[in-house]
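Scrolling down, you'll hit the structures one after another.
Presented sequentially are two complexes of chain A, the first with chain B as partner and the second with chain C.
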Partner chain A sequence: MATPVPAIEVEKLTRRFGEVLALDQINLSIQQGEFFSLLGPSGCGKTTLLRIIAGLDIPDEGKVSIGGVDAGGLPAHRRPVNTVFQSYALFPHLNVWENVAFGLRMKKVPPPEIEQRVRKVMALVEIEPLAQRKPNQLSGGQKQRVALARAIVNEPQVLLLDEPLGALDLKLRKQLQIELRSLQRRLGITFIYVTHDQDEALVLSDRIAVMRDGKVEQLGDAAALYEHPRTRFVSQFLGSCSLIEGRVKQRNSNSTLVETTLGELKTASAAPAREKITLAIRPEKVQLLPCPAVAGENRIRARIEQVIYVGSGTHYELRAGTQPLRAEVMNSHAGSNSFQIGQELLVCLPPEALIVLDD
Partner chain B sequence: MKRPSIVLWLNAVVLYTFLYAPIVVVIAYSFNSAKRGGPWRGFTTEWYATLFNSSEKLSAVTNTLILAVASTAISTVLGTLLGYGLSRFSFPGKKLFSWLMYIPVVVPDIVAAVAMLMFCSFVRNWTGLLELGLTTMIIAHVTFQIPLIAIIVRSRLAGMDPAIEEAAHDLGADAWQKFRYVTLPLMMPGVLAGSALAFTMSIDDFVISFFTAGPGATTLPILIYSSVKRGITPDINALATLIVLASIIGTITVTMLQRQGRDERKL
Partner chain C sequence: MKPKIHFGEQLSPRGEQVRSALTSGPGIAWVTVFLLVPLLSIIVISFMSRGTYGDVQPHFTLENFKRFLGYGAFGFDPLYPKIILRSLLMALGTVTLCMMVALPLTFFIAGLPQRWKQVALMLVIIPFWTNMLIRTYAWQIIFSGTGWLARAAAALGWIAPGDALYPSALAVFVVLTCDFLPVLALPLYASVEKIDWSIAEAASDLGADGRRVFWHALLPQIKPGLMAGAILVFIPATGQFAIPDLMGGAKTVLLGNAIQQQFGFSRDWPFGSAISCLAMLIVMLGLWVFARTAGEEGRKTLI
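Entry: the complex of A and B
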């Protein structure tokens, strides 16, 4: 079977704004029907990349192919992609129905077909009762739905979403996340989703590209990025991690011994050739051992400096010597995790939870 | 809000009396049956009738309207394009251009009038064109109307989310469709407000019209000026009253259009 044509193929894409390198030799291949997220802090180039795919910005170097076709010469209005803008950018002089019908009208689709397709899409995103309203009579969530309907009514090969939920409150955002995900599955359209919200990216995406300073720092599915971050940046941006500096002491076939300020730690990962390395551990993987515990492998002594109760769990800020550590424990049994501020205890950092970072 | 003090009230009363009393007097006298001003002799609409029977005055009204409509039509098209160009395109000399746009606004009318007169006679000497008359007046009015419209249109466009035009492009509109179905309707309140202002300024203008007018191209302000030299007749009061009425309607239109613009921008 031949490999399917990628929905979007980006090769060596570079974009400069004066001295600033917004995109630096980006290579990406996004599959048909994929929910793909570009995740990164503001200024990392994610929106620029989206705009170049849409044809709203022109790269200095590199190539974009949409469905296997070089889009280099195609202006925005002839590309088979549509955008949901961060500010929604609804047409204020048109009502909801006219906003949704805009793209079909521009393409001179016959009116009866426009009527039918607009009605279908408006039903899909549940905005039929708003048809006659003007955009300034809509709430944020309603505007969001109209912006979405206005884009998908054109049946694009790829839908580009630029922080579409950024302006909404948390509860509505959570609800729309779920709707977006099921909408994408139902339509089968490739979604490229720009966000700086790591939770959103984790919830929605098949794959995520974490971007930083115009480069893709790491690419993978949610679990791969979370369980195996390759750099300090990814480990901190996606969730949080405690970082421990150390030197390689001994390399074994399926583990590495690392000398750190906390003593000798064993990790299940292979270390790079360098001698100085950084270990990372997710807070929920740090085990707080109840009192009559004995010293052992990867067990270190720490002091509790801060206890934060968050309902479903409790967060502990620990310090082992000068090394800060964070632990998160689920409150699955009432009163089971009753550690106090100032308490000294043994902490276990399991070898398989200690990740060796590349930088 | 705090209530204003009595001093502030007094100040306002004096100020508004000073501003509007002359106009009220003119309006009142336009209904006074006394022939030579002076005391009130009873209500009449005779002067309005006289006005509409005077071919000289009617032709001045016609000239004024032709001048205002023609110059506003031309300057609305040119001024809108200028405002659009200055706000949506970048080209060398753009800064200089937008700065030059303010010159006709700040140059005193009398200077502009003399300059226009000299320009016309210069062109006439070389080409035989631009004989003084309605045509030269229209050209002169267009020169001071264009910047007004361009400035208003440009500020309207500056307040618009650039993503709206990008969305049109993204949804399949080519450059012309984007302009026709999105940009133009959105800048329309600015265009209308600008042209209403330009229209009012044209009706109102005396200095520039006076210098560029030729025989047979008398406008209302010029006619009033020349008849006042022979003493104020009541029908002039009637004429002034009608002009005031037209100005009020114009001002209300502009205000309403701008308010509509503000409402749309609140998104």
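Entry: the complex of A and C
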């Protein structure tokens, strides 16, 4: 069986703004029907990449193919992609209906078909009652829906979304995230979603590319990125991690013994071929052992410096010697975790939870 | 008793009257003396008749308006309607030419780096500091047979060497356009500067080519500035006569010199007043039609 044509194929894409390298030899292949996120801090090049795919910016080097066709010579208005802009960029002089119909009118679709498709899409995103309103009479969430309707009514091969929920409050954002996900499943359109919000990326995406300084730092699905971050940057940007520096003491076939300031730690993964390595552990994997506990493998003594109660759970800032550690415990039973500030206790760092980073 | 809180002082009704008379009185007096009274007297005089020696006689008559519409002592002659039409066409032509020059100019200036913008705007405004007549005489020198422009035209074979480029319609419109350009370019620039380019990108993303991006995404954004500028050019251009006189060779009668002629040379104040009244009426009518067609935004620009 032949491999299906990727929706978007990006090869060695480079873009410079003066001295700044916004995109540095990016290679990406995005599958048909995929919800793909570009995640990274501001200035990492994710929006530039999106604009190049849309044809709104021109790369200095490299190639973009849309549905297997080289898009190099295609201007923005001839590309089979549509964009939902961060600022929505609705036409202020047109009402909602005219905004949604704009793309079809530009393509000279016959009016009865425009009428029918606009009505269908407006029903899909639930903005029918707003048809006659002007953009300045809409709330942020409503503008968002109009911007989405205006893009998907054209039935693009790929929908590009540039932080579409960035300007909305948290509650609305959560709601629209769920709607976006189900919309994407229903339409089957490939979505490329730019965001700096790691939670959003985790909730929405089939695959995520974590970007930094114009490069893709790591690519994978949500679980792979979260469970096996390869670099310090990814481990810190996607969730949080406690980092522990150490030296490899003994390599076994399926485990590594690492000498750290906390003593000897065993990790279940193989170490890279160098002596100095960094271990990372997710705060929810750190186990606080109720006293009295006995010392053992990967058990270290720590002191509680800070207790933060967040409702569903409790976060603890710990310190073992000079090494800071963070732990998160779910509050599954009432009064189950009654550790106090200043308390000394034993902490377990399970070998399979200790990740060995590449840098 | 609870102490009363006063925001500002309490004034008696009489005190309030005195205060408002003091604050808004001078403005009202100014407008009354210099605008309302002259305007009213023009309207009144336009219904009176001319005495033998050019004096104004208080006999009510519609003769002035009839004469204007072409029913004179020697039968029907549409001289004055033609003058009006000619003036309006000249004003419209000026507005159109100014727009055609100002649009690329303002987009160009708005695209310049910040410090060059200031310089470019200054260059647009500088001619404004010179008296209009002096500027026009300067144009006469440029357009004269020995001027560099005429010599360049002669070198290209457009005119015979030694010929001047004026008096001609071309000279009239070139000078009018250059004169009124800053009036249109400045309000237009204010709009162009504020353009939200993401809307142009959205239009292009939705399948609009360059021409339609301008028409559907940029033009609606700069419409207020463009309309304000057009009105600011149109109204004075309708009454303009010095430039057509100096550059066009005083062969054509326009609204401005028709009125001037009646008040000066012909000593027919009632008829001059009638032309003025009708000219104002026609301009106001034009603006009203414009406001109706331009819709809500147009009305806001007018007010």
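Points worth noting:
We take it that the second predicted complex is superposed on the first by the 359 of 359 C-alpha atoms of A that agree within 3 Å, B and C clash if a C-alpha of one lies under 4 Å from a C-alpha of the other, contacts with A are read in each partner's own complex, and residues count from 1 in each chain.
Just so we're on the same page, a contact is a pair of C-beta atoms (placed from the backbone, for glycine too) under 8 Å apart; a residue touches a chain by one contact, two chains touch by 3 or more.
Computed from a prediction, not measured in an experiment: that's the story for all the values here.
After superposition onto chain A, the partners chain B and chain C occupy overlapping space and clash. Once chain A of one complex is fitted onto chain A of the other, the partner contacts of A:Val121 are absent, as it touches neither chain B nor chain C.
Once the two complexes are laid over each other on the shared chain, residue contacts for A:Ile189 go to neither chain B nor chain C. Judged by the touch definition given at the top, the superposed model places A:Lys107 against both chain B and chain C. By the touch criterion defined above, A:Asn136 lies against chain B but remains apart from chain C after alignment on the C-alpha atoms of chain A. In the superposition on chain A, contact of A:Ala54 is made with both chain B and chain C. Once the two complexes are laid over each other on the shared chain, residue contacts for A:Pro92 go to chain B and to chain C alike.
In the superposition on chain A, chain A positions 54-56, 75-78, 81-83, 85, 87, 89-93, 102-103, 106-107, 150-151, 154 are in contact with chain B in one complex as well as with chain C in the other. Chain A meets chain C in the complex at residues 54-56, 75-78, 81-83, 85, 87, 89-93, 102-103, 106-107, 150-151, 154.
By the touch criterion given at the top, residues 196, 198-199, 201-209, 212-213, 216-217, 220-221, 297 of chain C touch chain A in their complex.
Against chain A, in their complex, chain B makes its touches with residues 161, 163-164, 166-174, 177-178, 181-182, 185-186, 263-267. Of all the residues in chain A, the ones that touch chain B in their complex are 54-56, 75-78, 81-83, 85-87, 89-93, 102-103, 106-107, 135-136, 150-151, 154.
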